[in-house]
Amino acid sequence: MSAAAPPGLRDWLLTDAPASRRQAAWGRRYRLWRDFRRNPLAMAGFLVVVALIALSLAAPLLATHDPGQQELTNRLAASSAAHWLGTDELGRDVYSRLLYGGRITLGMVVAVVGLVAPLGLTVGCIAGYFGGAADRILMRVTDVFLAFPRLILALAFVAAIRPGVTSAIAAIALTAWPPYARLARAETLTIRNTDFIAAARLTGATPWRIILRHVAPLCTPSLVVRVTLDMSSIILTAASLGFLGMGAQPPSPEWGAMIATARRFILTQWWIPLIPGIAIFIASLAFNLLGDGLRDVLDPKQR
Amino acid sequence: MTSRLRALAAAAASVPITLFGLVLVTFLIGRVMPIDPVIAIVGDHAQPEIIAAVRAELGLDRSLPVQFVIYVNKLLHGDLGRSVMTSHTVVEDIRQFFPATLELATAAILIAVLLGVPIGVLAAVRQGSRIDHAIRVVCLAGHSVPIFLLALLALLVFYALLGWAPGTGRIDVAYDGLVPPVTGLLTIDALIAGDWDVLTDALAHLVLPAGVLAYFSMAYIARMTRAFMLDALAGEYIITARAKGLSAARVIWRHAFGNIAVRLITVLALVYAGLLEGAVVTETVFAWPGLGQYLTVSLLNADMNAVLGATLVVGVTYLAFNLLADFLYRLLDPRVT
Amino acid sequence: MLVHIQNLRIAFPSPHGISEAVRGVSMTIGTEKLGIVGESGSGKSLTARSILKLLPGNAHVTADRLSFDGIDVLTANEAAMRAIRGKRAGLILQDPKFSLNPVMTAGQQIAEAWRAHRTGSQREAMQAAEDLLAQVRITDPRRVAGAYPHELSGGMGQRVMIAMMLAPDPELLIADEPTSALDATVQAEILRLLEDLVSRRGMALILISHDLPLVAHFCDRVAVMYAGRVVEELPAADLSHARHGYTRGLLDCLPTLSTAKPRLKVMARNPSWLA
């Protein structure tokens, strides 16, 4: 991914006079990619995120042990040839648990974002484009959900349903969507009165088509930046839920839950709670760096 | 005077509806439970008449809208139900635990502001330098570390390894209950009573949890201060100020910082409210007897009255701080008419 | 008081290398009114601001000589520059909407300029501010002194700027497009005010503008800049005898009511001017 495009392709992408819409679009994407590549921290974040995804997907292949397999005779062991990161309080391999825990964490993040971003975008675009009563009502609804601190509402919600990964995802999604609606609405408001939207209306396009084909795509860049930055805080919230026993339940190897169950060993076998903690930190940091880099490239004004 | 009232009115205009929504959401969460609360109280094998009686007493035989009205009615009378766990009313519990969280949050934000604002200003003034990068890294780390990890590490390093800080809890058992509770804030109460021993012990216990909480807010405050300052320093009026021959300090603080102070205050109000969220986890790790710990313990015990009551209180507090931030912004910025 | 600029070069780093915005500018300014004319990007603002060392932090400045009354600006430290800025030379910017501090009243800003280079109480400073506002022909000095910049019109804002820069009684005033953001009628008033104040106080004036006839009217000498270089320098009275192609092009493009022209001319740029 760090090799430059071959000369012929590069010229085609960077030409000042693109022949087709697709060429212009790809040229733009390539330019954004080149700008992004110049930022070392952002590239670092990007590579780490890709690595995380790869490791999570390949967990069954890379794990040395079954994450749930207990070896009670070999509890709290330090790092060794057999167990690269040692074993936890039930003799389970920390390394394998870490890999599978990554799957859970990333899976939760993807699920939340998959729910929240389309919902927020839709609500925001509708509120911004139609204005009036729809706008007021929808904004009131976002106000209500913004009135709760994210973790608190998630906790209450999870407590009411039943602790677990699906409830955690739903709970986090419940509190995560309002900022996206706000963002989409703000962008829509600036676009709504432009000439090209008026032109689209004059050609007889229905409001839904205008929103779908014209407005929503223009909101996407800042939404993408926001989503990426938010992923880091979603990871932290999910881990906090796990730590408080409200997210993934033991014996699931979710990183937050791993820290909670190993908490009492912080003074002696410090690596057992610390290693998943470092994993959370690295994941969150990577998304932050990536998001910052994306923002510098896609929306420099937001800096 | 009227401008102040106008500002308050404008800020408060949207509050009632949001408040209503808050109460509604809390109520709905309470009714989402898959477990039948009646069975939870009387058990599986109770007689049908008892089940019916308890159901009627809890108002669960009415329709949902009627239940909501009953709920709101109770709220207006200050009735948040009774905690199964502590067997006090939830209102009593909250009155007992909330001040501890307030004390923690206030201490945290004081530290965060005293450190974060100058750091943010420094990073902006020295943009691009090594100090700026170092500060940005520290802030980014603050954004990315899970609070509970930092809390555990703080305990490990400063309590277990170095022995600098006392252990968990708010105060040593020996000093507990010695000082009459006036405000509920141990440090202030000790100060009022003039009891230096209690004061020092309370402060010693406060340092670590407040420090951990402060680190996160500090990271955010420094980042926002830096962003605002960069914005302000790019303004043409900064060139004018420099052209007047003013000292660098005056240009930075009176001109640039003076322009962002209002925005920063509103950010601080929101940060303070956000500390309530961080307090939940911090209190759990440090066994700090505040609202956060009350919430998590109630969660583990499935004490829904307590959970919902605490959630509602936190939500209302958050709303109040948002209102304060909005109000301050309208009041202090001369550009807002 | 004399400003010497010799072979001034100002460059900025960019993602594609270093780009030079000012490429070897030389001029001398005495106690006179010099006008610097050029289009956007010609480097005129940068040249003037370099005298006060008020360039953006990433600017690379080199010159054989850059001095203000014998003081070497290139090597001067901030403390030395602060003794020049405000006290001996002032700077007026284009748009008071942006160049005045939005959260300080006009009176406070003028008083601050007054107090920066004198000893005096805040009250004396505010009184001096009101006097200065009267000098710049504001009819209600007290009201304007207590007003915030967003409550003032463009013309009033520029008068406040002028008052602010004149408060420390400097020897040189640099006016960077002082009327470009104003209506035509107000433009003439502000320039006449500037001319009046500058003559009465015996100050030097550097007037930067893109408006050639305006500069020719109000200044003694005119320097024409293009693409970072001074292409022509001549007394204002001799402007119609200008020889460089660019200056002639500018003069030819001016619409005029006195001679009939079938078609308005458009500037034809000669690449040799960039060399």
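Going in written order, the chains are labelled A, B and C, and every chain counts its residues from 1.
We take it that contacts are C-beta pairs under 8 Å (C-beta built on N, C-alpha and C of every residue); 3 or more make two chains touch, one makes a residue touch a chain.
Model, not experiment: these values are computed from the prediction.
Shared contact partners of chain B and chain C are absent; no chain touches both. Among the remaining chains, the Cα-based centre furthest from that of chain A is the centre of C. Each chain gets a centre from the mean of its Cα atoms; for chain A and chain C, those two points are 51 Å apart. If you average the CA atoms of chain A and of chain B, the two centres end up 25 Å from each other. Those residues of chain B that touch chain A in the complex are listed here as 14, 17-18, 21-22, 24-26, 29-30, 32-34, 140-141, 143-149, 152-153, 155-156, 160, 227, 230, 273-274, 276-277, 280-281, 284, 295-296, 298-300, 302, 304, 307-308, 311, 314-315, 318-319, 322.
On chain B, the positions that touch chain C within their shared complex are 235-237, 239-248, 255, 258-259, 262, 333-335. The part of chain C that touches chain B in the complex is made up of residues 49, 52, 54, 78, 82-87, 90-91, 93, 95, 98-104, 112-113, 116-117, 148, 150, 161, 164-165, 168. Interface residues of chain A facing chain B in the complex, by the touch rule stated above, are 140-141, 143-145, 147-153, 155-162, 232-233, 236, 239-240, 243-246, 256, 259, 263, 266-267, 270, 273-274, 277, 280-281, 284-285, 288-289, 292, 303.
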